[in-house]
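Shared between the two complexes below is chain A, which has chain B as its partner in the first and chain C in the second.
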Partner chain A sequence: MTDIELSRGPRKIVIDPVTRVEGHGKVTIRLNEAGEVEQARFHVVEFRGFERFIQGRMYWEVPVIVQRLCGICPVSHHLGAAKAMDVIAGVDQVTPTAEKMRRLMHYGQVLQSNAVNFFHLASPDLLLGFDAPVEQRNIIGVMNAFPEVGKWAIFIRKFGQQVIAATGGRRIHPRLCVPGGVNQNLSIENRDMLRKDVDQIVQWCRDALELHKSFVHSHEALHENFASFPSSYMSLVGADGGMDLYDGTLRAIDADNTPIFEGVQPADYADYIVEEVRSWSYMKFPHIRSLGREHGWYRVGPLAQLNCCAFIGTPIANAARTEFMAQGRGGLVHSTLSYHWARLICMIHCAEKIRELLFDDDLQGTDLVLTGTRRPEGVAIIEAPRGTLIHHYTVDDNDQVSGANLIVSTTNNNEAMNRSVKQVAVEYLTGHEITEGLLNHIEVAIRAYDPCLSCATHAIGQMPLVVTLEDADGAVIATRVKQ
Partner chain B sequence: MDLSSPVTPPRILVLGYGNPGRQDDGLGPAASTRIDEMGLPNVTAYDNYQLNIEDAMDVAEHDVVWFVDAARVGPAPFSVRDLHPVAAIEFTSHLMGPETVLSIAEQVFGRVPKAFLLAIRGYEFEFIEALTPDASDNLRLALEMLTDRIGAPVAAARAS
Partner chain C sequence: MDDATIRFTVDGIEIEAVAGQTVIEACDAAGIYIPRLCHHPDLAPAGQCRVCTCTINGRNGAACVTPAMQGMVVENETKPLNDDRRAIIEMLFVEGNHPCVYCVASGDCELQALGYRLGLDAPKQPYLWPGRPLDTTHPDIILDHDRCILCSRCIRASRMEDGKTVFGFEGRGIAMRLNVDAQGGLGETQMAAIDRAASVCPVACIVIKRDSYKVPNGKRRFDVSPIGSDIEAKRMPRT
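And then the complex of A and B:
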């Protein structure tokens, strides 16, 4: 839905909704008197206070309760909360069986979630073209052109769900984690069931990467320049500097790959990250404290995961990363569309890690839970499919949650998404008309980040579609609401 | 498909979707859970937060599929409509529609079941893990209809 006011002065063009991103969004492009793009904002239009919802809950309930937050990455929240509650329970290191069960679940979740983004949301744009007719630019259109993609999409996603079910008892609302450990190990039956398919999954992930690279190589200028800009990045890395999606310390680098901070323990995140609130969005804007609000924004997610780590500890993904990083000509990779390439490498890494774990006997261990001395506060960080996810809780003397703060991946990417939208608007807005092509390009830019607005804003279901026109002074001159 | 056939009982799938942590958004999962608890022969029931691409595999393996979702607007206590494959652009992956799932089933597996959407009217969608009383009433009436619809062909098959 679009609208435009041309009759006077600076004006706003509002595009609502953005299609095929997680949740609903609204994009506002503000023009100046000369009709040039002055500002672009990716709004979040509804807020529900999930942090307040869990206040008063018993701390051991939280890993299960937080899964209600989001229908896209419930497992990430389950694991993030569980790790934080380990700290509350006084357990600094869970048993090998517990950690490997959690990792197995995590890799299954990241694999299947990234598969959905790439195959269902992104591949229609990438494989069919941004300007392909609307009736073709969807997953069915992709299947028509590339029949094998449908098979990959379904079976990779299903395999990830099977991993989640095998570790957590069911594919939604898994109940694997408890503070200090896990409820179960991996049965031989489930292990063998997953072993049977894992080689094929690895191969299909590799096939998907090759298909994507063929797109990249045939559209190199577009791939390199579209919505691209240098930025800082942040992710977890392991103690050896390698990619670690489950545990480690925070590393942030600037656009020239100079460390901003590294080795930051999760408990100390607030010393390095500041959350700013802005009047026009309900979503917070985190930034790096030492760089300030103007320069401290950063990107997270697959692109950040690859830029921040020194290597990947699985051979196929590591070789793919080496080829990927060559795009940066000795520096970092900043292309926004490279999120998709990076996402596919993360999928390969997850599939390789799953295969590795399925041959690890620790998964059949019986030492599942540890206990310790209760603490009042716990922080945990994991790399969710969309990037760095922070869970922070305080618990009172009655074992009830007294405070919670969640910084989800999409929130971390908030400023970057705004900048991507503005860049696209500057490049593709001509005259005073919002064309179908401009709409497509804006959506493509936002989808690279795979935003999960349901998660970030705690919104649900159908929100009204609001189209607003404002003049330069912010006065609303027209509003259209579509339920 | 002749649903009254006494020879080949239809394989029926009841697929409820929604978030039980968001009050009446849990109507779909509640419906499929109740159906599952009935243990009806030839009836499979499961739930998920949302529909997704892999559901096409399960859908293709059944003869009749009932998608069950909460409705924020529309008639109470529920509405039913036939579904057919549509290769539409989805708004988000949250909202992948049953028509798209059917379309993927047709495209990848070459098979489309007879399909219905049962939309049960809900009213509140906050962070509460319970249905509202009015939604619970709607669920009860919807289940009466649904068990009658899926029970009839099954009963006919068992009598043969």
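And then the complex of A and C:
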């Protein structure tokens, strides 16, 4: 349903609901005196409460509680909090069985979440065209036109969920981690069930990548330019510089691939990243301290994961990365739509890692939990499906959480999403009308980042996208709502 | 069969009891499950929660405190009784704060398990959201008053099994609360983690610290079999 309001002549436009994005968003486009786009803001107007909510709870409850802040990537929060609680529990390195169980769960989660974004949310835009009629531009429309995509959408996602269930007892909101380890190993029965399908899953991820590349090659200019700009990037990388979605140190690079910082231990993140609060959004704006608020913003997520690492430690994904990076002609890849290509490579990597782990006997080990000397503070970072996720807690002498700070992936991408929206508005806004085309393009730009708004703002519930157009004085010219 | 054997029927099934047994004890032995919360086989009965209420010779009474008697006619598994039990469970849910989704006892909690068994989907009564403190003063034990259902198991266990007086109730009616015998909280009492009082709580009010979530989903007590099925298994035909 769409509704347009025109008030007080041609001055301000609002678009409110971006569909197929978790949570809700509101976009305001501000025009200058000359009627040109001056500013675009992607507001997040939900209430942020989880950091307060967990204060006072026992620290071992946190990995189970915080995953409830997100219905999309609960596992990432479960793992992120668990790693922070390892630190609190005085355990620097969990046992091989515990680490591999957690990794297996994580790869299952990243695989299934990226599959949902790519197949269910983004593929209608990419495969049917941004301007395809809205009744067709959905996963059913895609399945009609490309039946194999429907198969991939269902089975790759399902496989990821099966991995989560096999490690944590259920497909969503699993419980695997306790501070210092895990509560079970992988049963032979589950291992064999997953082994049966894993080759097919790897192959389907490769097939999906090939299909996507054919889209990219037939729309090269669009792919290169849409909502795009050079930026800095940040992600975790492993000790060898390779992609590591579960553990490692932070690396940030500028648009020319010059390191801004690297080897930053999670515990030191606050020395490098500052969070700024702005009045018009509940979502914080993190930036790199040394570069300041103007220039210190960066991007995270699959594109950053590929740009920041030196290689990928699984062969098929690594070959795919080499081909992907060639788009950058010797530099980084900056195009915003490349998030999807990068997402598919991450999916291949996860499927390969799952296959590798399913043949690792450590997963049947029985040494599950370690204990250590309690510490008052713990920080952990993982690469969630949407990018770098930071969990930071302090705990008092009675084991109650006294402070919590979460910087979620969508928050890290906040400034970049605003810039992408502005770019789209500059290109696609004509006059003072919020056309269906403009709405569609704004949605496509935001969706490339796969934002998870309820998680970024720690709210519960889902709402639509609203786009508003404002004049130079802030008066509303038009509002368009997309449910 | 000797003279001491008492015979009576429960939902038309004839069972036997020995003198001194309560209705619930005789039913447990005979493989008939009567829902209960405050009753614990190792503790003296208290008749506190009324979940075990049955119709006994036409009148309602708590099975955990009613002695078995010759020829009595007991109704247990009836719709009106189960409706009342569900209403009691519902009131316990709304009068406390019960976030089962992340509770350490989830899957191992008798209140939750009874909710499932009795088909309590979503409470119809409004949640009262009481503000109750979390007592973390003890180095090894947490007292999470949000979850307390005032069953008195801990009081009975502390007094009769541990020889201490750590717990007691204060206040009346809806204002009734569990309290401990020290101003500064549980940490100032004589309570020890090995006390019987630390292991009888049917919910997550008394919890041993750092011991949570060790049992995976699917393997917790009531994931494996619904509450009461251990008792009912005694009546299963042998194969």
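Here is the rule we use: the second predicted complex is superposed on the first by the 450 of 483 C-alpha atoms of A that agree within 3 Å, B and C clash if a C-alpha of one lies under 4 Å from a C-alpha of the other, contacts with A are read in each partner's own complex, and residues count from 1 in each chain.
In this text, a contact is a pair of C-beta atoms (placed from the backbone, for glycine too) under 8 Å apart; a residue touches a chain by one contact, two chains touch by 3 or more.
Remember, predicted model here, so these are calculated numbers, not experimental data.
Look at A:68: by the touch rule set out above, it reaches both chain B and chain C. When the two complexes are overlaid on their common chain A, residue A:140 makes contact with chain B while staying clear of chain C. In the superposed pair of complexes, A:55 makes contact with neither chain B nor chain C. Once the two complexes are overlaid on the shared chain, A:176 sits against chain C while remaining clear of chain B. In the superposition on chain A, contact of A:121 is made with chain B only, not with chain C. In the superposition on chain A, A:400 makes contact with chain C only, while chain B stays out of contact range. Using the contact criterion defined above for the overlaid structures, shared-chain residue A:327 touches neither chain B nor chain C, since it reaches no partner. When the two complexes are overlaid on their common chain A, residue A:158 makes contact with chain B while staying clear of chain C. Common to the chain B and chain C interfaces on chain A are residues 65, 68.
Residues 19-22, 25, 47-50, 52-54, 56-57, 72-73, 87-94, 96, 100, 103-104, 107-108, 125-127, 129 of chain B touch chain A in their complex.
Residues 17, 19-24, 48, 50, 53, 65, 67-69, 71-72, 74, 116-117, 119-121, 124, 134-135, 137-141, 143-144, 150-151, 153-155, 157-158, 161, 171-172, 454, 458, 460-462, 483 of chain A are the ones touching chain B in the complex. Note for the complex: chain A touches chain C at residues 56, 58, 60-61, 63-65, 68, 168-170, 173-179, 183-184, 369, 398-400.
The touching residues of chain C, counted against chain A in their complex, run 101-102, 104, 134, 136-137, 142, 209-210, 212-219.
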